[in-house]
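Look at the two complexes coming up: chain A is in both, with chain B in one and chain C in the other.
Up next is the complex of A and B:
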């Protein structure tokens, strides 16, 4: 059930109950700073945040589906479709930026709706349903583009993921992606922890049968979770396309990264428990691992092994804490 | 991520377990041979490098003369799974349109799978419909027996990657990976001071054509006394490439960037731009987006190519073989030009897609530019 439903713990035990993901993140950041003191300059940490923003938004969206007791594997190909589709629709026309963004959000909404309806009404397990969508959506992207990107993203479209304000008082640099991250994160946090919908979602994930008997519109709650996840994938796609431009494999692997980030943050894989803030922490941690390994300069195979070991230990830590 | 991890570990294990059978990607003989080929004067019609050849040796094909036609050409393709192959495959189809004596091109796509390609070749041969078979092998060793079996039945042309047999009539390929590595690294050595910092960006380990690019590039940079600050794998991913370059920039200056392929070159350049650095000496490839960026920023850069015009040559070879005319062979080595500041303007074309390979030799082919995803200029 939700944290809000638990009796308020006392102050000390509350401190002890701080999600360990933040501690892990702190240690990793400490290691990065030790290896590279320049990380404390705005160019260091602001680049880090700009880079982490897409995964943060994606993981926060994935938490909704995970909390409902499902998986959303289609987000990676939704990211790719967003980037490829936007590049085809924009075709160097700066004036089209806004309607293209709306069109992509619309497409994301449709993908989420299809996922949700197939899972909630046809009762197809979400792993299979979203795997199907993943393949279909990536097929649509390939057909649309003919196997290679056909257009460019305009500077306006790319601003969200690429632009940085310079000479900002106090912080020096301010990436636009950070504002998107704060805004998007706040909306998702509010939806999960500040609305009745968030409570219903936890109830559905915890015990769908009990929720149904209690009068929760289970299907509607589930469908909305998939829509939220797909919309977050579109936003992540806009940020990623902005950060690094058009490519056909831009979203590859992001579905697993998003799930990993959410689990690192303590989201339970079979539903009933998930926190948006902790997922953001998980995404930042995952990005910090990638960055740290870049700085260590280890050979690639060693790097993959270290990355896997860190992930396993972090997830094990999260699970230990939950069972304790 | 998981798949890549598994692949990387499998490669690492294979390298550890089988040092004796591991392929040699740093072969001084091949390096020297390709270095010489880069400097050689091509034989054949000027302005049509897809018909030219660097090694003066011909194969007699009178035994394959097949009369008037129309003939059926069969093509077993490793895949159309990356932008390079998309451009190449478009070139090949357009080349067929130039040959009235070729009635049909039967194309079978192996989708990047050795097993499927072995089956494809067997099926094509067994069908009895093919007058000549073109093979672009997915991997060298795995496809060798299937190609050998096909050679027993009909004339075979192999291009791009080779096979471990000399039974095909000819094996068409540009100079190769060492040549690619040499061109870029030599340009860097000529344009920076001794001891300068060079960042090398690679796609992934274990791929023969990429390993040879790297070993040749590395050899030249080391011999020139340059300081290679890192050789990083980008997985061909724009975001990862940009992140890696940003991280290197935080730690020190970079005087040149060498890449084994250019698809992520613009992302690497943007890492310098976004963080307020001058873009250093750069080695990319002939993708349009890189060429346009190079022109726009006035970079000191070079674009070695692995020319996609080599996809035209197998059709030309097939037509000649079916007419019983001699073709260059047993290896038809095509020239492998680099795009430089002198000829950059003639390759830049903003109407073409970002990952269009400019060294396509396709500008005069039927259907250009629409078939290649470009917009007709008004």
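Up next is the complex of A and C:
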């Protein structure tokens, strides 16, 4: 009796439960197309996807920490460290590309581990702990580069973010960043929605005390969430390195963009609910909003005001939805 | 002492969703008397005092204060009318000084500046009611005081606000013997000043020492109103004796009880001392005791939440002094926590996810969440069905279920782990009568299938009805054991430490 819900109403309610973020994204894309018909050309939308890819990966990683009931503010400076560190290590040596990528992923893993251990074992609130790491990591980047990063990113390293295959059948163009996005997104989606880990993460974020009393290894689950977030920041950094210059503020502001994107997708601040797909939708939406503002010729400061307002209204909306 | 009551409550009734907390309760106190208010947990003592102090409005009945109608609409109104309550949780600000706490909300000022000296003088005057040698310095932060001293500051503040009726809610619960003695002297002093004291307690000795009158509440009704202090046995008899017999499944037959599964020897921690007992397969062992006796602390120690620091615990002969719930669950000891929503459930998650959380917690992190190994063969749905869980949609959030069904979800979670020992803490708190009966049946079935079951509950009739054997705790120790069929009075006497008085 318990399981015997009829298929038809269930499908209908599924349809009604589709995340409104996709509708918003559709409307925004419509607006962009109206303003700039070129957007329908492969050059237009593939460029859009390529530019959105770093934020998408970053938001999908941030969802893990948000779902666990925390925040990860250190991802922006992890991005910067990735770009600056890679340029220092590469020093124009094309052959070093692969081990530099691995080294950067390793560094990201360490940052995530530190965040996670400080939060889970020392019980420092994650907002403070990752604020500390954010400052520390950006300090490390500054010290390492001596304030003015030397070296360049090799073409091999930049390919992930910049390269596009041309004359691909059907779609015309195929940016490498899109493949990274699809691959990374799939891994994160599987981890969140297809494993025991994802369900335990939800349990811990919903009620850590109950999870502990149910036998869940709460500390391990929390630490892993921070590691996932930091690793996604490194990937985002590699993608960003493809089209930004090497500077000490590549990653600045990305932590809040990632949180905004995740919340836009309906992730519950304070934990217990989060979806990777919705976070990707949120990141695409945020990028679409920025693109639109760009087309409208609005300057950068306006963009920041808008982002702030979006963050506040998305959270307010999420609170309303939860209370309803 | 005058004959007219200082305050009087008549025919008070109060209902909360699902429970009639009070019906037709009358209660009064005169100037200069100590009126003891006793009853089991949940008998309605606190509700009655919350009505007196303006926190709740009664559904029926009325009150008078000094002979005039009194219907406070807010606690502040009751306070300014002279009614003060010292709850077990104090309302002092721990980081402010004694003087500041005593003047909270009516600080003396000179011009627009705080008059520190007047505050200190005022505090000294307020504390003078305790005579010399109370050792409370006005400039000390409250945090640095002992519990007994904080309580004195609370009392002093109540008197400084002009309290003529002082309600004390189990004031000795956290005090040692010398501190109790000092408090009794304070209460004597209050009586001499003409204050009407309402004294809530579980301890028979205190009633004999202090009270001039006794009112016993049982299930929200007055079961005895005595203008003298009777022997402890009589008070206990009035407190107990609820008839719930038909709800409880029959006890274990002699052959069903097996060998000890869990053995605890000389174990203790900050709250427990010298604990030794066995839990046997096929048997339900109940733990009784008054609030703060250590029942819940014992359950939490076994489960590794607040672990034992000394002593020996073995589960089927193997070391079992667990340092975390995870270790306990892995070894086959599980616990249903007393606060279902705070400790038991992930309220936003689905019924299914709440049932599967433990099986998943012990499966590989990257494994498939729909079939963790612990429920690979049966499936959680099968366990839900076996427990007769009533849920329309297993994918709906667990918060949409009734309390009884929520409890079954937690039981299902544990059954999936095939436990050898199940600890139930307050298993039926806040669930309706029918659901209670089905939880009791589930507990009996688990025992019958060979698990050792331990029940900790502040509901004495429940412990008595469901257990095969009852261990009684007092002040962090096991003080006695009674078999099924013992009277509630016997258990209560052990729990309150007045066995000798009822032994007749």
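Just so we're on the same page, the second predicted complex is superposed on the first by the 288 of 324 C-alpha atoms of A that agree within 3 Å, B and C clash if a C-alpha of one lies under 4 Å from a C-alpha of the other, contacts with A are read in each partner's own complex, and residues count from 1 in each chain.
The rule is simple: a residue touches a chain if its C-beta (ideal position, glycine included) is under 8 Å from a C-beta of that chain, and two chains touch if they have at least 3 such contacts.
Just so we're clear, the structure is a prediction, and the values are computed from it rather than from any experiment.
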Check your understanding: With both structures lined up on chain A, is it a clash or a fit for chain B and chain C?
Key -> fit
Review point. Of chain B and chain C, which one touches more of chain A's residues?
Key: B
**Study point:** First, second, both or neither for A:217, with chain B first and chain C second
**Key:** second
Exercise for review: Give me the angle at the C-alpha centre of chain A between the C-alpha centres of chain B and chain C, rounded to the nearest 10 degrees.
Suggested key: 120
Exercise for review: Mind working out whether A:42 is in touch with chain B, chain C, both or neither, as first, second, both or neither?
Suggested key: neither
Practice item. Scan A:152 for contacts with chain B and chain C and give back first, second, both or neither. Key: first
Check your understanding: Touch check for A:132: first (chain B), second (chain C), both, or neither?
Key -> neither
Review point. Of the two partner chains, chain B (first) and chain C (second), which one does A:172 touch, if any: first, second, both, or neither?
Key: neither
Exercise for review: May I ask you to decide whether A:257 touches chain B, chain C, both, or neither, giving the answer as first, second, both or neither?
Suggested key: first
Exercise for review: Could you tell me if A:200 is touching chain B, chain C, both of them or neither one (first, second, both, neither)?
Suggested key: second
Exercise for review: Note down the smallest distance between any C-alpha of chain B and any C-alpha of chain C in the overlay, whole angstrom.
Suggested key: 31
**Study point:** Contact footprint of chain A on chain C as seen in their complex
**Key:** 303, 305, 324-326, 328-330, 335, 337, 342-349, 353, 356-358, 360-369, 372, 381, 384-385, 389, 391-394, 413, 417
Check your understanding: Considering the complex alone, what residue numbers of chain B touch chain A?
Key -> 1-5, 8-9, 11-12, 80-83, 86-87, 205, 230, 232-233, 236-239, 241-244, 246-247, 250-251, 263-264, 266-267, 270, 274-276, 289, 353-356, 373
Check your understanding: chain B touches which residues of chain A in the complex?
Key -> 36, 38-39, 41, 43-44, 47, 51, 146-152, 162, 164, 166, 240, 243-250, 252-253, 256-257, 290-291, 294-295, 297, 300-301, 304-305, 307-308
Review point. For the complex, which residues does chain A have touching chain C?
Key: 2-3, 5, 191, 194-200, 202-203, 206-207, 209-217, 224, 268, 272-273
